[in-house]
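The data blocks that follow each hold one structure.
In what comes next, chain A is part of two complexes: it sits with chain B in the first one and with chain C in the second one.
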Partner chain A sequence: MLRDERLSQYALLTVALALVATYLFPVYWMYVTALKSGNEIVAWPPTFWPADPDFAAAEVWERLQMATYMKNSVIIAVGVTLIVVTLGTGCGYALARVRSRWMDVVLFAILMMQVLPSSLMITPIFVAFSQIGLLDYPRTAVILAQAAKVLPFYVVLTRATFIQVPKELEEAALVDGNSRIGAFLSINVPLARNGILVAALLIFLQSLGEYVYSRSLIQARAFQPATVGLQSFMGPNTSDWQGVMTYAAIYVTPIILFFVLLQRQIVSGLTSGALK
Partner chain B sequence: MNMQIEIDQIDKYYGAYHALKSVDVRIPQGQFVALVGPSGCGKSTLLRTIAGLETISSGAIRIAGADVSSAPPRQRDLAMVFQSYALYPHKTVAGNMTYALRLKGMNRAQARARAEEIAAITGLEKLMDRYPRELSGGQRQRVAMGRAIVREPQAFLFDEPLSNLDAALRVHMRAEIRKLHDRIGATSVYVTHDQIEAMTMADHVVVMRAGVIEQQGAPLDLYDRPVNRFVAGFIGSPAMNFVPARVGDDGGHVILDLPGSPRLTFDGHRPAGEAVIVGLRPEHLIPGTGDNALSLPIANVERTGSATFVRTATDPDVMIAANDRLAGVTTGTITVTIRPELIYLFSPETDGALRTG
Partner chain C sequence: MSAPTSSFRDGRGFDRILVWITLGFLIVFSAFPLVYNVIMSFQNVDLFTLASFDRPFVGLDNYDEVLTRNATQIIVRNTAVFVVLSVAAQLSIGFALALFFQQRFPGATWLRGLFLAGWIMPGLVVGGVWSFILAGDFGVLNWLLQTLGVTDDKIFWLSDPSKSLYSVIIANVWVGVPFNMILLSVGLAAIPDDIYEAAELDGAGRVWRFLTITLPLMRAQLGAVISLGIIFTLQQFDLFAALTQGGPSNGSNVMQYWSWELSFQDYRIGQGSAVSVLMILVVIGVAAIYVRSTRHEHAA
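Moving on to the complex of A and B:
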């Protein structure tokens, strides 16, 4: 009996590992290809470990003008995060404090906005932005569009955090002589800090990988983010696979590191509150 | 007398729900007032309207003569101690205590010095740099008190501040809060569901039920002269016994609706044949024989050492609280006497008092 249970546990574990391996294989392949030389990349049968590892990071960074692309990506991500945190934190708090049977409807409506795919929204956004002349400031245009897209996600996440801050703390601050906005800033925000940081981080990373809006709204190469830049090197005639893969690795590694290093905070920020 | 808090005919509605009904309380400077009643009676709502955390639908609230009916909490200069203490978890004890002072514009050093002063009174000197999560329940309670005292407010508001403490500490803190109140000479409003707390701490007790003030007055007045059956049953522990009865032919005694139809003489006069509810306090029923005696079958006997509680096997049952051991009394019948002036009579229709002690 006990042996059967253990066997089935191992079987399930094997299945799980196989699934994870399948899922992570492209990431592995990206790193491995980045280290291979031209001939080895197209060799058949493929090698699963580079015979002669070749670090091309510095050379690729220079040749593919990654500095410009990365800079644009960071500008867009920082801009989106700033706008979303400024506008969304108060909103999440307000939605956490209002008690109404309509709240579920409100939350559903907010999440609906998040569900609409970017590729669907981009046409009306493009038309509107071009009419008001926003396309002359392409990065600003992308920041606005992306902020609008991820704001609902941020609001819903921070609302969950603010719900866990007891109302009495705020009331104590009011009786102690603070205004509502003062109590919000000196009591609620510090106590919801973990949740706010995690939500902001997720927004930042998501905006760092933004593609659809940048692709459509930014024509000039000098303003394009890394996602669009990477795509412009790929096509039916691509031969520089090592360059493309190195580019992708440089782009993706900081994001993965961020997640691995902060995974405990991220998980706890998403599931439980800042309060003990 | 100089009124510190005046609550003038206030009403509070939550939608269609009428939470406070024409509530009227006047609190003189330096008085300790307890708001007491069962849960949902509106006592906490009343306290929160005083604090400004709830708005009132009509009426007026004045603090030290100034109308604050629609003023936000920060303009009322009151300090509140919450049931959960509501200590700021991200601030140290000192940070909690200086928060309000800093908001008033006091500089850091002055505020800290003032907090140290109060910490010495409340026994918090050694805890100033700890965070609330590092404190025990009793210590947190003290910090909540200290945070209120340091403000020197117009009045203190307490929202069941002792209900999270264990029994021994609660009794201790009860005396300590009253001592602090006397020492500071502040005005205090104290919400509790525990009538013993209200009776022992307050100068003036306000008994509420369903948003209405049933009676207010000095604690022993409420005990001696409750205006209705609810107050009579709420004040006093164990609770008063209520027995249906009929006034006898001479209008000076009642015939209880209990086995053997016992007769009890009472002080005063009621119309003969009137249906009444007789109120008998358990501690007024003295075991032994004599005038105005009552013999009833025993259901069970509980001995706590200092007091003995006997419950009778009748319908309704009668509780007797004797302050002797009643050695050997376990079953059979018990005979008790009661002085005629200690018999309370209530109207079965209105529940109002017809005769009180």
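Moving on to the complex of A and C:
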């Protein structure tokens, strides 16, 4: 009986590994293609392991000017994360603590703003920003637009975290003579630290891959992020697939590493925010 | 000390200020564009009137124009097909995987989490990788289909107008499966084991238990996942940009891509706004139903 159980566990594990491998095949394919050169890329039938691995990272980084693109992506993602964390953390806390009809209305409004698609909001944002001259600062324009896009998601995630922080600790601090803001910063924020960090990381990773706003608001190549750069090399008649895949691999490897390291926290943060 | 300051330091004023900081930012950068969008959809907006604050109003002309084009019918149908097929496939595959990973075996949770790697990658990179997989002449998907004997000829996924929409759907399902699976796993984990055990003692088979216990108890969760799936699918833009650019000849164009195309490639910005307003109404409608239904569940 016990042996049967062990056996079926290993059978399940084998099936699970096969499922994960099938699902992640596109990621594998990206890395393998990045290592193939010349004719092997378009070989038929395709080869599943490069016959003559060609590591082109340095050459591609130089030739496709990835340093500029990656720098802009990081600037945009950092800017968005700073704005969102500064403005949104307190709101998540207040929505978790205060229960009133008024707060319900606010939460509803925030949830509605969370679902507005960037590709539909970009038209009015582009016109308004160009009228007030904000397009002269293209990266700032993208940061502001993207911050408005992801701020509601951040508020919803941190609200779920603050709900789990016991009220009593804060009340004790208030009795001891702390101000509300003092208690918030010295009790609530440290206790909700993990949730805040995970939410901020999700916002950072999302903004690192932002495309619609950057494509539409940034004209000068020197300010474009990595997504827009990738798109411009990937035209319909591209033949430099090794370049494209190497670019993609360099771009997403840090994201995937982040993710694998913090997988458990990300999964639990996501599920708590999306369903409560 | 004056009343407002003390209320900020000690009382309810503090919570209000925290909320208003966020709301203020969102009113300027989300709510205002939303209203401006509606106004522009009644105006003639192009490159010449772009900078003007006093643009001619044209009534419903923009709506009339975008709703009576030849392409409109194709694009509306594409949008419906894209949403229905993507959500249906994401949901069934996600649910099947969630049920599988619900079983107990070593590493189940960790392996399940790995699926989210697909969800966290930038949409444009996902689109780039899939456009290589789907390539007609040397794409690995065509190789697989030929080897399995599904098709004799190579399928030109991206350049055949009757196939291009499906190429985006395939990539979109790949992106959406992990999120569906994780949310449904949470629901499955909340169903107490003893309900299943009792049913098993009564002689109920696996399929019967799924139909009579799992499905009814997952109703709220399934509703939530379907609504979120529709919302995310209507937000999808990057995959269209990376795979087909809506083409060829609108074969894979959908409303959210068309709106952008009208504004930023044809410079018919008023018309882009009109399409955008119509789609925002759809998205907000779905979201409102979803939020109201989850509130209701909590109250019950």
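Observations on the model:
One rule holds in what follows: the second predicted complex is superposed on the first by the 236 of 276 C-alpha atoms of A that agree within 3 Å, B and C clash if a C-alpha of one lies under 4 Å from a C-alpha of the other, contacts with A are read in each partner's own complex, and residues count from 1 in each chain.
Following the convention adopted for this analysis, a residue touches a chain if its C-beta (ideal position, glycine included) is under 8 Å from a C-beta of that chain, and two chains touch if they have at least 3 such contacts.
Keep in mind the model is a prediction, meaning the values are calculated, not measured.
Three-chain overlay on chain A, with chain B and chain C fitting side by side and no clash. When the shared chain is aligned, no partner comes close enough to touch A:Ala58: not chain B, not chain C. Applying the stated contact rule after C-alpha superposition, one finds that A:Leu230 touches chain C and leaves chain B untouched. Residue contacts after overlaying the shared chain place A:Leu7 against neither chain B nor chain C. For chain A, the partner that touches more of its residues is C, with chain B and chain C as the two candidates. When the shared chain is aligned, chain B comes close enough to touch A:Asp176, but chain C does not.
Once the two complexes are laid over each other on the shared chain, residue contacts for A:Pro166 go to chain B alone; chain C is not touched.
In the superposition on chain A, contact of A:Ser130 is made with chain C only, not with chain B. Using the contact criterion defined above for the overlaid structures, shared-chain residue A:Leu191 touches chain B, although it does not reach chain C. For the pair chain B and chain C, the minimum alpha-carbon spacing after aligning on chain A is 5 Å.
On chain A, the surface touched by chain B in one complex and the surface touched by chain C in the other have residues 174, 179-180, 275 in common. By the touch criterion stated above, chain A contacts chain C in their complex at residues 9-10, 12-13, 15-17, 19-20, 23-24, 26-27, 29-30, 33, 41-46, 83, 87-88, 90-91, 93-95, 97-98, 103, 106, 108-128, 130-131, 144-145, 147-149, 151-152, 155, 174, 179-181, 184, 205, 208-209, 211-212, 215-216, 226-227, 230-231, 234, 236, 241, 244-245, 248, 251-252, 255-256, 259-260, 263-264, 266-267, 270-271, 274-275. Remark: chain C residues 8-12, 14-19, 21-23, 25-26, 28-34, 36-37, 40, 45, 50-51, 53, 97, 100-101, 103-111, 113-118, 120-126, 128-133, 137-138, 140, 143, 147, 158, 174, 177, 179, 182-183, 186, 221, 224, 228, 231, 234-235, 237-238, 241-242, 245, 256-257, 259-260, 263-264, 269, 272-273, 276, 279-280, 283-284, 286-288, 291, 294 touch chain A in the complex.
Taken together, the chain A residues at the contact with chain B in this complex read 166, 168-169, 171-180, 182, 187, 190-191, 275-276. Residues 51-53, 72-74, 76-80, 82-84, 86, 88-90, 99-100, 103-104, 133, 147, 151, 157 of chain B touch chain A in their complex.
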